[in-house]
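In the two complexes below, chain A is the common chain; its partner is chain B in one and chain C in the other.
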Partner chain A sequence: MKLLVCIKQVPDQESRFEPDAAGVWYSETDVAFRMNEYDEYAVEQAVQLRENLGEGAELTVLSIGPDRVVEVLKKALAMGCDNAAHILDNDASRKDPWQIASIISSYAEDKGFEIIFAGMQSQDRCSAQVGVTVAEHLGFACTTTIVGFEYANGMITVRRELEGGMKGVVRLPPPALVTCQLGLNVPRYPTLPNIIKAKKKEITVIPVADLLSEEALVATTGFYPPAKKCGGIVLEGDVAELVDKVFVILKEKTAVLR
Partner chain B sequence: MKILLVGEYRDGRLLNSTYELVGFAEQVGGDTVMLLVGSETQLPLYSGTLYLADATVCGEYNPDMHKRLILEVVQKENPDYIVFLHSSYGWDLAPRVAAALGAAQLSEVIALADGGFEVGCCSAKMRRTIKPLTNRAVITIQAGAFAAVQSEGGFDLHKVSAEGAGRVSFLAYEPAEERAVDLAKAEVIIAVGRGVGKKENMPVISALAKAMGGELGASRPVVDAEWVAHSQQIGTTGQTVSPKLYVACGISGAIQHLAGMKKSEFVVAINRDKDAPIGEVADVLVVADVMQFVPALTARLSN
Partner chain C sequence: MEATRQIYWNIGHGVVIPMYLLVFAAVGVMVYGFWRRLPVWCQGKRLDRFDRYDERVKRMLGEVFSQAKVTRVTDGGVFHAIFFWSFLALLVGTTLVMVQADVLTPLLQVNLLSGEVYKAFSLTLDLAGILALVMLTGLFIRRFVIQPKGLEIVNDDYIVLQLLFAILISGFLLEGARMAATELPLKTGLELFSPGGLLAGQLFTSLTAETLLVTHKILWWFHFALVLGFFCALPHTKLRHIFTTTANAFLAPFEPKGFIATINLEDDSAEQFGAATICDFSWKDIFDADACTSCKRCQERCPAYVTDKPLSPLKIVTQIGELAESNPRGKLGETLSQDALWSCTTCRACQDICPANIEHVNKIIEMRRSLTLMEGAFPGDEVRTAVSNIEVNGNPFGFAYASRGDWAEELQLSRMEHDADVDILYFVGCYASFDKRNKAIARNFIAICKAAGVKIGILGKEEKCCGEPVRKLGNEYLYQITAHENIQRIKDYNVKKIVTTCPHCFNTLARDYRDLGLDIPVEHYSTYISGLLDAGRLRLASKPFSFTYHDSCYLGRYMDIIEQPRNILRQAGGSLVEMDQNGYDSFCCGAGGGRIIAEERLGGKISAVRVKMALDTGAPLLVSSCPFCLTMFEDGIKTGGAEGLMQAMDLAEIVAERITA
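Let's turn to the complex of A and B:
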C-alpha cells in the first residue's frame, strides 16, 4: 500500500513578522523555520500506519518549497517515512492554496497512493484548503480535522473534532485523504540512529515547473499587523517592578485582592 | 450581488452560528438566499429564499451529498459568493464546492477590507488583505467575527434533495467529556499555556491559582500533553468562560483560544513575546518569562 504525507515548512510562530519588499507576505530575514505543527501529527499517523502495514507498504513525504524545506523532509524521514519528494519552488510562498493543491495532485496522480495525510491547516497561511482540494482533484474520499485514526479491514475510521468538545465518528474507504488536527497522537522525536539511517533515504527533487499548470485564484494585496485594540497596557522591564505594578493593578481593577 | 449562505445544523439542532452568515452578508450588501440541510421543525429566523434539504435523508455530515445540494442551488441562483462559517462543517465543505466550481476560496474572513477581505495569518499575529481573481468566490467567515442577525419576515421555502449516497459515512456523535470543574462559573481563572514549558512547572502555576483563589484552565496543547485534564481546556473545542479575572500564562492567543475567554472581565497575560496576539484582548500584557514572573507574583500575593 502506498501512502503519502504532505508537509509544509513554516516560521517558528514566536518570530517577529515583518512585511517583505512587496508587502504581501513576511520577510524571511531572521526567521527560523520548522515543520508545520499540524503536519507533525500527520507524519506520526502516517508512520504508525506504515509500521502496522509492514512489508509492502511505502510512505512518501512531500514538501513544496525552496532548498530550506529539505530540513523538514529530513526530519520526516528520520521519523520513519521511506522516501521524500522535494518539489523545488523558490516562489512557493507566492502561490495560493489552489496552486499548491494542484502541484500536489499532479505529483500524486499517477503514483497509486491509497491514503494521503495532510495537516488541518498551515500555521502561517491558515487556509485549511490544501488537503481537501487535493482530494477533490484526485477524486479521493476525504474528511477533515481528525483526532483519532484507525485502518482495519480495508476501511478507515476516524474521529473528527467538532465544536465544543464533541466528536463525530466517520468511516471512509481508500483512496482517501485525511487532514490531521492537534492532539491526534504524540509525534515522536527522531532518535540519533534514525537520523543517521535517514541520511541514506532518497530525496527526489522535482522542479515545480514540471507539475504546475494552474493560475492563482486569489491575490494578496496586503500584509500587516492587526490594528491594536486600545485600552490594554504593555508592561516591560525588571521582574520585581513588574510584580509591584501588577499587584497595584489587581488591587485597583479587580476584586481579587479585596 | 447575490450571496448564498450555507447554514449549520448539528445533532438535530439549527446552530446559531447560521445567523452570523446573515450578518456578514448585510455588511457586503446584496440579495441573499440560504441553503440548510436541517429539519422543518428547526427553521431559521430568516427572510428570503430558503432551500431546505432534510438532514434525516441527506445526513448531517455527508460531504459528497451536501456538495451536490449546494451545486444544485448554485445552478439555480447563480450566486456571486457562497458563504460558510469557518467551522468543522464549513472548512470541510467549502474547498469541495470551490474546487467543483473552479472558484477562488477565501478562508476565515474576519472583516471586509479595502479592495477585498481581511484574514488572519501567522497564528493570528498578522493580517492579510486578499481578493478573489474569479467572478465567483467561496468564503468562510471566522466564528464570532460578524454579529448574528435574525429576522422575522418569513421565507420562501423550497425543498431540495440529492440522490445517491456519499463515500464518507457518518457513524455516531461522541459527546464532550464530563467536566470535573465547571469553569464557566469560576470568578478567577489562571490559564496555563505551552509557554509554561513542561509539566514539572505546573506547581508554580497551581500556587498562583491558590494564592488568587482561582481555578486552573488551559490551552489546548497543554491538555493534549496531559499536563491537566481535558475538561480544563478553554476555547472553541473546550469550555467558554467569562470570569472576573483571567490570567493567561504563556498562552499565545490563537483565535480558537480567544473564542473561549474573550468575554472575561479583566485579562492579565504573561508572555515573553510582546507581539503575541493575546495582547489584543489583554488589559495588561506583562512581557516576561512566566517562570520568573509567576513565582514572584505568588510570593507578593501571599505576603
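Let's turn to the complex of A and C:
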C-alpha cells in the first residue's frame, strides 16, 4: 500500500512578522521555520499506519518550497517516512491554494497512492483548502479535521472534531485523503538511530515547473499587522511605588481625579 | 635478660609450614573470589583507567592512608579512620612478627623485636588493638543501637562485625593466656607494655599450667582460623571494599569534574546510544557497585531523595550491581524507573561526598541518553515543548530567536556582528536574555563592566542556548547541534575571552565545548568581577547588609569557585551567615540536570527546602550567582511561604548597587 503525507514548512508563530517588500506576504528576515503543527500530526499518523501495515507499505513525504524545506523533509524521514519528494519552488509563497493543490495532485496522480494525509491547514496561510482540493483533483474520498484514525479491513474510520467539542465518526474507503487536527496523536521525537538512517533516505527533487500548469485563481494583495488600538501596562515594584504610579496615570490620562 | 617474647611459644616451629600453607590457601580463596567477579565487571564497555599510573598510585595511597574522604563526615567516618589505622598497625605488627620469626631469626640470627624496641612494639600493638576494639564497639552501637536513618542493616554487617570482634578479642585472649604462663608470674615489669594482654591474662591466672597450655593452643588455632576466615570472607562480604574501594581511588577519572564523554554522532554503525542494558555501561560503572559500602552519604545529600522523589543515588549504584549479576542483558528500565532517572538534578552532591569515588552522575546521564536518543522519551510534555523551542528558536521559552538581544536594546552594547573588537564576549544565556527577573543579572553585569572600563560584546540573535539542559537530559544530538553553531559564531569573531553569568553556560563552554573544538578562555562573572576588584579597576562602596550565600552546584562543587563570590560580597559590606550545607556540601536549588525546564511533579519542592535552610540562618537575604538558582528561589520563596521574610538577589545586583565612580 502506498501512502503520501503532505507537509509544509512554516514560520514559528513567535517570530516577528514584517511585511515583505511587495507588501503581500511576510519578510523572511529573522524568521525561524519549523514543520507546520497539523502536518506533524499527519506525519505521525501516516508513520503509525506505515508501521502497522509493515512489509510492502511505502510512505512518501512531500513538501513544496525552496531549499530550506529539506529540513522538515529530513525530520519527517527521521520520524519514519520511507522517502521524500521535494518540489523545488522558490516562489511557493506567491502561489494560491489552487496552484499548490494542483502541483500535489499532478505529482500524485500516477503514483498509485491509496491514502493521503495532510494537515488541516497551514499555520501561515490558514486557507485549509489544499487538502480537500487535492482530493477533488484526484477523485479521492475526503474528510477533514480528524482527531482519531483507524484502518482495518480495507476501511478507514475516523473521528472528526465538530463545533462545541462534539465528535463525529466517519467511514470512507481508500483511495482517500484526510486532514489532521490537534488531538489526533502526540508526534514522536525522532530517535538518533532514525535520524542517522534518514540521512541515507532518498529525497527526490522535482522542479515545480514540471508539475504546475494552472494559473492562480486568487491573488493576495495585502499583508499587514492589526492596527494598534489599545495597550496594557504592567506595573511592577513595591506597593507604595505602585500606588504612586497608578495615581499619576489616573491623574494624567483619565478624568477620574479631576 | 633483654625484653622480648618467644614467637611460636607453646606452638612450636613445626607449625610454620602448615601455617603458611593455610595462609596461602586462604589468600588463594580470596583471590579466587575476586577472580570470579572479573567476568561480571568485564561485561561493561572498554574504558582506560590505567593511564598515568604513577599519579593514580599516589592518589590511591594518599586517599587510603589519610582516610581523608571517609573522615569528611565525622559520623561514622572518624571511627572508621581510627579503626583503619589501628587495624593497619596490627597488620603491620603481625607481618613484622612473621618476618622476625621466619626470616630474620632463622636466616640472619638477628632479633629486631628485643629490648626497648620490643617494648615500644608491644605497647603500640596492644594500644592499637584496644583502640580498634573501642572503635568497633562505637561502630556497632551506631549501626545497631542508634541506627541512623537510611543506614540499612544487611547480613554482611552481622558477619563482618562478628568476625572483627572475634579476631580482636581472641587476639587479646591469646596474648593473655601466653602472658599468664610466661610474663605474669615473673612480674619483671615487661607485662606493663602489654596492657590488653595483662588485663586478659587475669582470666587465666587460676588455671593449672597444663590447662593453660592447652587453652593457649586452642586460642592460637582459633585466632588463626578466624584470620583465615577473614581472607576467605573478604570478596563475599562488604569487607571487599578493602580491595574495591582502594582500587576505585586508583581508577577514579582524571578528567575535569563534570566531564561527559562526547558521543560520536557520525558513527552510523552504532546501534545503541547511552545505556539501555548493563552491557552498555563501562566496566568501571559495574565495578563501582562492588566498591559501594552502602554508607548512604550520597542518598542523604540527594535533593531528590530528601524531597521524597523516587531517586536514591545509592540504589542506582546497587541496582546496577545486582543487574550485572542477575540480568546483564535485560532492560535497565524494568528495574530503574524513568521517574527516578528524570529526578536527578546532576548536582553532584552524591559523587562529591562518596568515599569510594563512585561516579553516580554519568551513570544517570548514560541511562537518560538511552531514553532520549533511543526512545524519544521526555520527563513531561513541557520538556518536549521546551526542547522543540530550543530546536527552532534556540531558547527553551519559545521566544523568537531574533529577540534574544532585546534586553540590551538601550544599553549601547556592541553586537559582535557589527563590532567584534571587544575585551570580552558576554555569553548571556537563555535566562538572562529572556527571563524577566534574570534580565536584571545581565543589565547589572553590564553596568559593572562599564564602570570598570571593560568593553563588552554580545552575540545577540546569533547566540543560542548553550545546550546544557538538553545535554544533561540525555539529548546529545541537540546539544551538539547548538554547541557547534555557537562555537562557529564565537570562532568567527576572534574572541579573546568569554564571560558568562550562568554557571551552566560556564561549565558547558569552559569544559564541554573543549571537546568540540572551542579553546578560548571562559570565565564566570564571579571570578571576573573578583579580578576587576583585585586589579583596582572596580571600586565598591561598602554598604552593610546581612546575607546568606547559596553555592550553585555548577560553580562550587563542579568548578571549585567557593571563596571568590563570598569575598566580593564581604567587600560590598555584607556579613555572611552560612547555611549548614554550604560550599562543597551545598544543597541544590533543584534546577540542574535539565530540571529547570521540567515541572517538579514528584515529592516536595527542592527550592522551598533550600529557602527554608536560608531562613534558618536568620539572614533576610539569599544571594546566589546563577540565573537558575535565582529563578528557583524566587519560586521557593513564594511557594515556601517566605514572602516578606526572605529576598533572593544575584551577586551582580549587589555589586552594581555599590559601584563608586
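The criterion applied here is as follows: the second predicted complex is superposed on the first by the 228 of 258 C-alpha atoms of A that agree within 3 Å, B and C clash if a C-alpha of one lies under 4 Å from a C-alpha of the other, contacts with A are read in each partner's own complex, and residues count from 1 in each chain.
Quick note on the criterion: contacts are C-beta pairs under 8 Å (C-beta built on N, C-alpha and C of every residue); 3 or more make two chains touch, one makes a residue touch a chain.
What you see is a predicted model, and the numbers here were worked out from it, not measured in a lab.
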item: Touched partner set for A:Ala128, first chain B, second chain C, both or neither; value: first
item: Touched partner set for A:Arg16, first chain B, second chain C, both or neither; value: both
item: Partner chain in contact with A:Ala57 - chain B first, chain C second, else both or neither; value: neither
item: Chain A: partner with more touched residues, chain B or chain C; value: B
item: Which superposed partner A:Asp30 touches (first chain B, second chain C, both, neither); value: second
item: Chain B versus chain C as contact partner of A:Val70, first or second or both or neither; value: neither
item: First, second, both or neither for A:Val169, with chain B first and chain C second; value: first
item: Touching partner for A:Val243 - first (chain B), second (chain C), both, neither; value: first
item: Partner chain(s) touched by A:Pro193 [first = chain B, second = chain C, both, neither]; value: second
item: Contact residues common to both interfaces of chain A (with chain B and with chain C); value: 14, 16
item: Chain A to chain B touching residues, read off their complex; value: 11, 13-14, 16-17, 24, 26, 96-98, 123-129, 132-133, 136-137, 141-145, 157, 159-173, 176, 182-183, 215-226, 228-229, 231-236, 239-240, 242-244, 246-247, 249-250, 253-257
item: Chain C-touching residues of chain A, taken from the complex the two chains share; value: 12, 14-16, 30-34, 186, 188-193, 195-197, 199-200
item: Chain A-touching residues of chain C, taken from the complex the two chains share; value: 265, 268, 270-271, 273, 372-378, 381, 384, 387-388, 391-393, 398-403, 461, 476-477
item: Chain B to chain A touching residues, read off their complex; value: 10-11, 61, 63-64, 86-88, 91-92, 94-96, 98-100, 102-108, 113, 115-116, 119-134, 143, 167-177, 187-188, 212-214, 220-221, 223-224, 230, 233, 236-239, 244-245, 252, 265-266, 268, 273-275, 277, 279-289, 292-293, 296-297, 300-301
